[in-house]
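Each of the next two complexes has chain A plus one more chain, namely chain B in the first and chain C in the second.
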Partner chain A sequence: MALIASALLLSMFPSRRAVTQPSQPDARFDIVTQIQRFAIPDCVPRGGDDAVRDACNTMTTVLRRDLRFEGIFQFVPDNLLTAIPAMNPDAPNLDDWKSIAAQILVISRAEIKGKDLALEVKLHYVPTGQVILSRRYAGKEGNPRALAHQAADDIMKQVQFQGVSRTKIVFASDRDSSKGHPTKELYIVDYDGFNPRRLTVNRSLNILPNWRPDGRAISYVSYRQGIPGLFLAAIYEGRSQTITGDGYRSAQVFAPSFSPDGSRVAFASNRKSNMDIWVANADGSGARQITSSPAIDTAPCWSPTGQEIAFTSDRGGTPQIWIMDDEGLNVRRLTNVGNYNDAPNWNPSKQHPEIAYTSRLEGRFEIAVVDLGTSQVRQITAGRGSCESPSWAPNGRHLVFSCRRGRRWSLTIADRTGARVETLDVGPGNSYQPDWGPVPAR
Partner chain B sequence: MKRAFLAILVLMMAGPVWAKSKDFERLYLQMSVMQREIADVKRNSDDTLKELRRLNEILAQQSESVKSSVHDQNLQTEALKVTLKEVSDALSALQQRLGVSATPPSGSSPESVLSSGGSDPIDVDTPSPAELYSQAYADYARGNYDLAIQAFQEYLRLNPSTHLSDNAQYWIGECLFGKRAYSEAVAAWDDLLRQFPGTDKIPDARYKKAIALEKMGRSSQAMIEYRYVSDHFPNTDAGRKARQRTAR
Partner chain C sequence: MRRHGLTFHGSLVIAFFVLAACSTRRPPAILTAPTTSDTPPDATSKSDDASWNESGEGFLPIGDELTNTTDIEESWPESGPLADIHFDFDQYTLTDLSRAILEGHAGWIKAHPDTRIMIEGHCDERGTVEYNLALGDRRAGAVLDYLVRRGVEAGQLTKASYGKERPVDSEHNEEAWARNRRAHFAIRR
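Let's turn to the complex of A and B:
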């Protein structure tokens, strides 16, 4: 029965879970369609010095956390892992692992040579004994987390799942602000909060960051020229430049949002006296006014097809989420619950046509999600202080947003049902307006 | 001869003493052996006890594993139930979109629809018009344009004159535009103008039709549409945009 259900499911959604390696159809079929139970024993160091042992420990921790994060796999409990007799990592006795109901065994080994760290990962499909992944990752000794993230993403790809282990989050923070001179700079962290790096260094207000879909640049709003203007930071080149466009330097710009193909950027601006939605080429040229209502239109956000834009408008009397096509036509109101809804963010996964947004409920701001098919609203946060600025993970399974508890704003991550909500430790100060970046190309 | 006699005499006198010492030695040897055997037994017993303890631990862990496995199986069963329900719902929706409906379309025989291939009739709940429209829009939002077109067409077939019928026809044009099938999109919007002459979608449909015409390289026809929208609907979004286009 399970196989029939799985087969039906596969035939209905072939594009999402297409079996790409027909050479081992049965095992792949099982791997793709069943909930997998992973066993991830400790990484085995090659050589006995402390450095390689530490790297091994870190990589085991990161690998386990990455795979647990998505909430779709099961895991052999740690106490059972220790019951398995010491194994030869090159030839594990799979009967031992069968006895504790492991389905996928992840064996990792690490080695340090000079300043280079290498991680070898082997994935055994326990029921058939197949080795379904065998890969070696190389990097610098000081960055074992990056290698483990890469391995985790590859492991998830083997079970036909796009993980977010290598993704990053950009956000604004006042952590480097000084007394009497409040500033906000942009920072980038790994999706798990580690490895924070500062992106802007101009001692001004830098806010509302948005990743370009290729992951190589971030658009944002900066007050460095006095009024809020549109800027683009090229991450790998380490430079930032204005893309406000000639002739519009005196107008304010807010809330940039790249189209899914990265060719256009939508933003809110008062270029024609009223705050409206505009769309320009990615370099800021060729700007066109998309909305022209007497109300305030702001916070544009593209649909994953690039054909529609959700935005906030008070044209109905209170700020609500509206949708229009990318020409500014076929405009209709989306939200009807609550008298203040703002900051829409469209789930990038076409599996889930839904929009997350900030909603004022009982005097506090909460994160809510509206299903575009049924118009049903589900509340993601409750009792975590005031939460705002949601942004979806690139696979559409989690949200990041900022919440104020007491006097501090922190980044928070929730799964798309709201069942699991956790604060993300990204360092000192207040953290605002996160934007979850794309899965980087290899 | 005398020496030999003396030696025999000495031996005869020492005989019982020597014999006693031999007995003690044998006894001592036997005791040593027994002690060793007892030690061996004790060691074996310790080993057995240790092995028993180890086996006991493994049994306990395996019992935990079985418990966990049963729990997981239950979870999987639950997940499969949900999946089955989703599959069943999706199948129902698909069947309805493909025209296999519990309420057969007028003019067709119920047998021909429900009994195809000799299988048992399928009991399918007919979605409400609003549900069908929502499913169609959800498919549009996913980028599943062909499915969306089918669903909007099905909506129009079953509900030709609701307040959403003109919207459904408009969305068919949008889906075709999304597929870059510009000629078909123009035809779909022409159908809207013909079938729903009073719709409030006229300015948007004519404006989008003009864009499609431009994409097809028919700029002069596009300009006629822009002018029409600009002249007849000057106070709408489409009218304002059309004015900008014609002013270029």
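Let's turn to the complex of A and C:
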């Protein structure tokens, strides 16, 4: 019976047997319990032309960068990599790699046939000699980065880690402005800043984008009809429509935020004259007012459970971050440091119960994070000009935000401790209001 | 630029969105402002990113393309005979000077009952995006309420907050900030 079942499985997935070798559970157990030391030698092209060599180089660069980005893995230094004698990529001598204390050896090969590019990745677990991943990725020749991002994601999954290699960031850009006609259009880039694509084309103001958690749609605020309204762009279909709701066209909507399950959207609106928090179904229907204080309430964001909402309110005299449940009850003030705090963004990882926000310090704005357990505040940015609009990576290990240094607003990425802060090059003009997208479904 | 050096552009499909058609969608009658219909045809592009397949584990339903949305702005004209009024830092209360100016505006609007006025509330950059949008709403609302109290028909008035999203002066100094803290009046018949 078991034989028949496995024969059936093999016939359903004929290619699986060819390239994937079974991994041993005990080897996996070893892997998760320690920090891994990776060796990622250069990708080896099959065939010798420039195109495949270029693709190979790009993929090596992307693989290394994706794995380094998370800051949790160790790597065999480059000078030791080059000290290893020339190898047969299909049968590496693991003793060589053992001698430089590599634990996971990542062998990659690339091939171009016609317009098609293939990347093969093999993960050797050096201590036991096992192949723990063997996979082939196929795509268009012009697209080596996407293949390498996918491979990096799979490699991290093998060591029980959810990476963000395939994630994208949406933001507002003024690069399409012309003289006398300032615009903000939405753009999407890979998380590493490459591959920018324009999303909106309406020469109006399009701001405050927020990914739907399935990664297939983005809500945002657009002035294309004069009064700022709520829109939903289906990014793979090239369609964008208003979800403001028919009865509310004369009211303004700001700061949309999808609930973690994607079923609801919270936003700020002056529908009942004052700026309050509302929650509607994901298509904008069934909107309900959640706050009703005479103060300004805005910038809602959801807790990872979807049961609470953090928001900005000046009901205490100055703008501060407050928390309530998703019915608007149990309202309490979160921030007590500083006299101007706004734009909360809740860490999506349940391992890190904390909220990032924008805080005014000595006339400038900085990114800060408050720990929900201890109420301790840590400052993420300092001396980078003025920074605002923080958004967490889906695994909760990095933040993206926008900083103005001199005259230019740039997207900036920091790890969650603030130890590493780097500007992200996403192209010309000023870049604002980034929102880090989810890990795409497979 | 590093990304332009890559072969990504090799697989571009160029799509043209001819925005010139938008001039026909603009309001036909405008009081003073010339239309800015110098919109060139806009060339944008899409690529077939993420169209990978994985033969190791069977084929996966990937191959979607990001494409552009093609909405066309229906904008209000940029300026009119009604001068901007200005606000103090982080305030939405009307100054004595602003009230005096609005007195004149109210008379003009009442004398032109066939016009509709969009009151735009704007802020300087020394605040966050979200809170400034709320503050701009308060500024526009203070102006709207005042005009209605001076006898203007409420149906002629609409408001929108621009926060700090559309400064009239892009410098980063006191003078620019003062100019940017404003209520602006866009008019159409």
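One rule holds for everything that comes next: the second predicted complex is superposed on the first by the 417 of 442 C-alpha atoms of A that agree within 3 Å, B and C clash if a C-alpha of one lies under 4 Å from a C-alpha of the other, contacts with A are read in each partner's own complex, and residues count from 1 in each chain.
Quick note on the criterion: a residue touches a chain if its C-beta (ideal position, glycine included) is under 8 Å from a C-beta of that chain, and two chains touch if they have at least 3 such contacts.
Here the structure is a predicted model, which means the values were calculated and not measured.
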| item | value |
| --- | --- |
| Combined model on chain A where chain B meets chain C, clash or fit | fit |
| Touching partner for A:T305 - first (chain B), second (chain C), both, neither | first |
| Touch count on chain A, higher of chain B and chain C | C |
| First (chain B), second (chain C), both or neither touched by A:T374 | first |
| Chain B versus chain C as contact partner of A:R136, first or second or both or neither | second |
| Shortest CA-CA distance in Å separating chain B from chain C in the superposed model | 21 |
| Chain C-contacting residues of chain A that also contact chain B | none |
| In the complex with chain C, residue positions of chain A that touch it | 13, 15-16, 19-20, 51, 54-55, 58, 134-147, 150, 166, 176, 178, 180-182, 184, 188, 193-205, 207-208, 222-228, 233, 235-240, 250, 252, 254-255, 268, 270, 273, 275, 296, 298-299, 312, 314, 319, 340, 342-343, 358, 363, 365, 388-389, 407, 425, 427, 432-433, 440, 442 |
| In the complex, chain B residues that touch chain A | 57-58, 61-62, 64-66, 68-69, 72, 75-76, 79-80, 83-84, 86-87, 90-91, 94, 134-135, 137-138, 141-144, 170, 174, 177-178, 201, 204, 207-208, 211, 237-238, 240-241 |
| Of all residues in chain C, those that touch chain A in their complex | 1-3, 6-11, 17, 19, 22, 36, 38-39, 42, 44-58, 60, 64-76, 118, 126-131, 133-135, 137-138, 141, 158-162, 165-166, 172 |
| Touching residues (chain side chain A, partner chain B) in the complex | 1-2, 5-6, 8-9, 12, 34-35, 37, 74, 76-77, 79-80, 83, 99-101, 291-293, 303-305, 307-308, 325, 327-331, 350-351, 353, 372-375 |
